[in-house]
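Below are two complexes that have subunit A in common, paired first with subunit B and then with subunit C.
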Partner chain A sequence: MNLAPYAEFAKRAFSREATYRAEVFTRVGSVLLRVFLLSTLWTALYRNNGAKQGISLESMITYATLALLLDLIYGVNGAYVIRQKIREGSIAIDFMRPISVPLYVFADTVGQTGFALVQIVPALVLSFPLLGLMHAHVGGPSGGIAALGFVASVALGFLLNFLIDLIMATATFWTMEIFGIQIMVQFISSLLSGSLVPLYFFPNGLQKIAFALPFAGLYNAPLSIYIGKWQGRDIALGLGEQALWLALIWFAAMAFWRRGERRVVVQGG
Partner chain B sequence: MADAGARHWSAYREFWRLNFLTLMEYKVNFFIWLAFTIVYHGVALGAIWIMMSRFPSMNGWHWQQVFFLYALYMLGHTLNNTFFFTIGEVPDLVREGRFDRLLVRPLDPLFQVLSQPGQIWPDELVIALIVFILAQGAVHLQWSSSTVVLLVLATLGGAYIDFAIQLIIATLSFWVVRLDALRWVVMSLENDFTRYPLSIYNRAVRIMLAYVFPFAFMNYFPATVLLHKSAEVGYTFNPQLGWLTPVVGAVWFAAAYSFWRLGLNKYQGTGS
Partner chain C sequence: MAAAINMIIQASHLTKQFKSVRRKEGVLGTLATLFSHDYEFKDAVTDVSFDLEPGELVGYIGPNGAGKSTTIKMLTGILVPTSGHCTVNGIVPWQDRQANGRGIGVVFGQRTQLYWDLPLVESFRLLKAIYGVSQASYDRHLKKFSELLGLDEFMRTPVRQLSLGQRMRGDFAAAMMHEPAVVFLDEPTIGLDVVAKEAIRNFIASVNKERGTTFILTTHDLNDVEKLCARIILIDHGRKLYDGSIDAIKKRYGPNRLLTADFLTDAAGVDIRMPGVAVLERDGQRIRLEFERERVRADELIVALSRQADLKDVTIAEPELETIIRQIYERGLDRSGPAPQ
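And then the complex of A and B:
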């Protein structure tokens, strides 16, 4: 299979995103504002209640800041374009082209994510003096293995996130009304992935459920590795669990996609 | 003038009739959105519950009071969502060139934005009322005529505060093409930071939420009056400040509307 066209798709998506210069400022600005707000929130909660679950205030601010930066990556919803294509019927033309549509969408997502990564750098650098104003700071990873594990875990999280978005977009083959369902899943995921509140703060029963779901692979896994909540064997197990979910969801997403595709081909769009 | 008023009124009645017909036609859609609304507020309340179970001290506010704070916010916010929700479509209308269509019709452009038939039903307002009834029971709210007056004023004023901020963002789209990030951050400021009592934050955040984006007037200040929280640790303000919500709503709306007229003139002037 020739992958060169897909590399080109990714490059084009990167350049396309890069044309919206003004949006880079508002996006980085919005991350910084949220970093500021969340660190004041956590500082206030810790001042009133003390540290909980063995997570120091410094670790918590690091966690919250990195979660906001990860939002930039996971916020890219490249698969959403499928909804538009099905709605307008242009998906039929895409099927005639000698390319794989999911792979094309993936390449586009990679390109967009590449541009999101570029924005993370100024957002992170500018958050240092901002947090410094509040006598807080972003801690480094808890060690060399943690740093590597974090990168691997974010990579797995990125793939997982893409496949979840793809499944939602594929549902458009059956119903046009996926928008509501999609944001519903997003809201549930925002809570159960640990992006707003670390899962360690959840009450016991709910915590067990949240740890067992795939959403935990998005924020909880990489951030647990980064702040040193997981070490040694736990890192390996955590990455393994992410990979297992990824394989399962990949399988489901592909099966779902093929059924959707057949629907269009058989019915003639 | 009376003629223009009558024209707007009949168009507005037609708008709600169409909304109702859309609801009858797309029942599945209605239930999906209803489920979404319930999940949305359920997740928010769930997050508050999780936080309060681990961090029970919120500067002297216990969970029933924090729950009440959210319920009060919901009243103003959902009133805004019911009547002014489509203001969020302005950036799309401008970007896709559909906004120009509104300028050639003999009705006020803002009115037309707010009366685009779609999938708008007052279901969220009903949910807000149910949540509020539960919350006022949880805090044993003392009912009197002044309680009723304050609640009505806080809800109306709160809706106008919410709408004024949305209107300012919408107006910015006459100058800036992509506003998603800004909208998102203001939404987060509104959703995440009105959940807890203002007194837990530092000075910069308090000033921002009280006087720049005055979301604190939607729930925090009226709640301190209703719950008799006259003395807050580390934060002093006039305990009657909660009565000012309608004034803040009117002032911010007047400012937002002037800004909107300015943006509209600029848009028509350049003909872009």
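And then the complex of A and C:
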């Protein structure tokens, strides 16, 4: 398959995002605000209750800060454009081109995420002095393997996140509106992925549910590796589990997409 | 079917029937609709067949809801027919949509294929990558299209800031960038001013002539059709009504020409009694006549008129395609024209 068009799509998406310069400042600003609020909150909670579940205050602040940076990556939702294309009917034009629409949307998402990564740098750099003022700081990865594992885990999480967004966007073929589904999935995801609170702090039952769902692969897996909560075999198992979910959801997303496409092609939308 | 191999588009007995759940009224009805298995069927296109030779420029016309866009959707591969068959460039469109996509171009008057946020030229570059157009051909096409369509002045403007006329010119260039053998035009001049319409028509004619590109033009603007197409396919209620040349349909269904004569004196006394001529209207010094083109020669009619009073001015008008086609829609094909001889 010729990948040149998709590289071009990713490049365009990157430069398109770069044209909205004002938004960069607001996004970085909002990350900094949340870094400040969360570290204040966790510091206060730890002062009163001491270390939790083997996670030190320093690890917790590291966890919370990195989770905010992952938000920037996962928040891109490039697949959302499909909803608009279906509603406006312009999906028909994409179907007439010699390209795969999901792959095109993925390339666009990669480009947008590339730009999100560019924003992470200033957000991270500015976070350090901010946390320093509060006598807190973000620790580095717990070791070389942890660093590599973290990068691999974020990459898997990125793909997983894209496919979840793609599945929701595909539902537009039937429902025309996906706002409700989206809000619901986002709520469940933010709770059960470990993006707000580490899953280790959850009561036993809820923890089991969270670990059994794919959302844990978005935040819990990479951050557990980074702060050293997972070591050696656990890292391998965690990555394996993410990969397994990825494969499963990939099949589901593609099957769902083909059904949606067939609906348009056979029933005319 | 040996000749059929040369056909660039072949449609045989294309039929598309849409199935939808019958909607019930009221709140309870809406709920019931969700679980209903009570379907209704709508025939969008029924048994439509036609062949196109390479390089033809065909007007595909019909009133709203006649099945025009359903046919185009089947030919572009985004709709599977209920029955029947078609090939475009030798490919069955819906079986290999991506391969079909390489050989066709599409222009929608009501919908742009340009990338909204990007300058026009960026859309072209993206299309170059999508269709794998070589740098040399890209440069050549861009230069050519810029000349024909005057794209230079807004090449670097984001598409969202373009006027409708500029956007349409951009859309045309975009559709031709990969040198498709077949181009589908869906209402390409809708909402455009006279100048822009003329530029677009000239562009179509020139691409058709120079490259031998086949065009199917779907439109309500019969001026487009009359200026560009030698052949029309007329459909209504999903069925093909007519397929042939514009001249033939005019001869067959619009056999009369109109003559308006202005006299220097009052026309009340003018009386023409020639077979095949009918007086439509008298108005002071003016008289309007209708005459059969096959039976009456215009010059003889004018001579006859000038014998009766001093002529000031004479104009002769051809029947308009629009009038003829409206009659066909309203009365059906058989009753529109004179009885066949």
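Odds and ends about this structure:
Quick note on the criterion: the second predicted complex is superposed on the first by the 268 of 269 C-alpha atoms of A that agree within 3 Å, B and C clash if a C-alpha of one lies under 4 Å from a C-alpha of the other, contacts with A are read in each partner's own complex, and residues count from 1 in each chain.
As a working rule, a residue touches a chain if its C-beta (ideal position, glycine included) is under 8 Å from a C-beta of that chain, and two chains touch if they have at least 3 such contacts.
Here the structure is a predicted model, which is why all the values come from computation and not from measurement.
Touch criterion not met for A:K208: it reaches neither subunit B nor subunit C. When the shared chain is aligned, no partner comes close enough to touch A:R258: not subunit B, not subunit C.
When subunit B and subunit C are set side by side, the one touching more residues of subunit A is B.
Within the superposed three-chain model, A:R87 lies out of touch with both subunit B and subunit C [touch as defined at top]. Legend: residue contacts after superposition of the two complexes on their common chain; A:L191 is shown touching subunit B, with no touch to subunit C. Residue contacts after overlaying the shared chain place A:R97 against subunit C, while subunit B stays out of touching range. Comparing the two complexes, no residue of subunit A contacts subunit B in one case and subunit C in the other.
Listed in rising order, the residues of subunit A touching subunit C in the complex are 2, 4-5, 7-9, 12, 16, 19, 88-90, 92-93, 95-100, 264-268. Looking at the complex, you find that subunit A touches subunit B at residues 20, 22-23, 26-27, 29-30, 33-34, 36-37, 40-41, 43-45, 48-49, 52-53, 134, 177, 180-181, 183-184, 187-188, 190-191, 196-197, 201-203, 206. Per the touch definition, subunit B reaches subunit A in the complex via residues 28-29, 32-33, 35-36, 39-40, 43, 46-47, 50-51, 53-59, 176-182, 184-185, 188-189, 192-193, 196, 200-202, 204-205.
Against subunit A, the residues of subunit C that register as touching in their complex are 16, 18-20, 44, 70, 73, 76-80, 94, 97-102, 104, 106, 108, 111, 113, 115, 117-118, 122, 125-126, 129-132.
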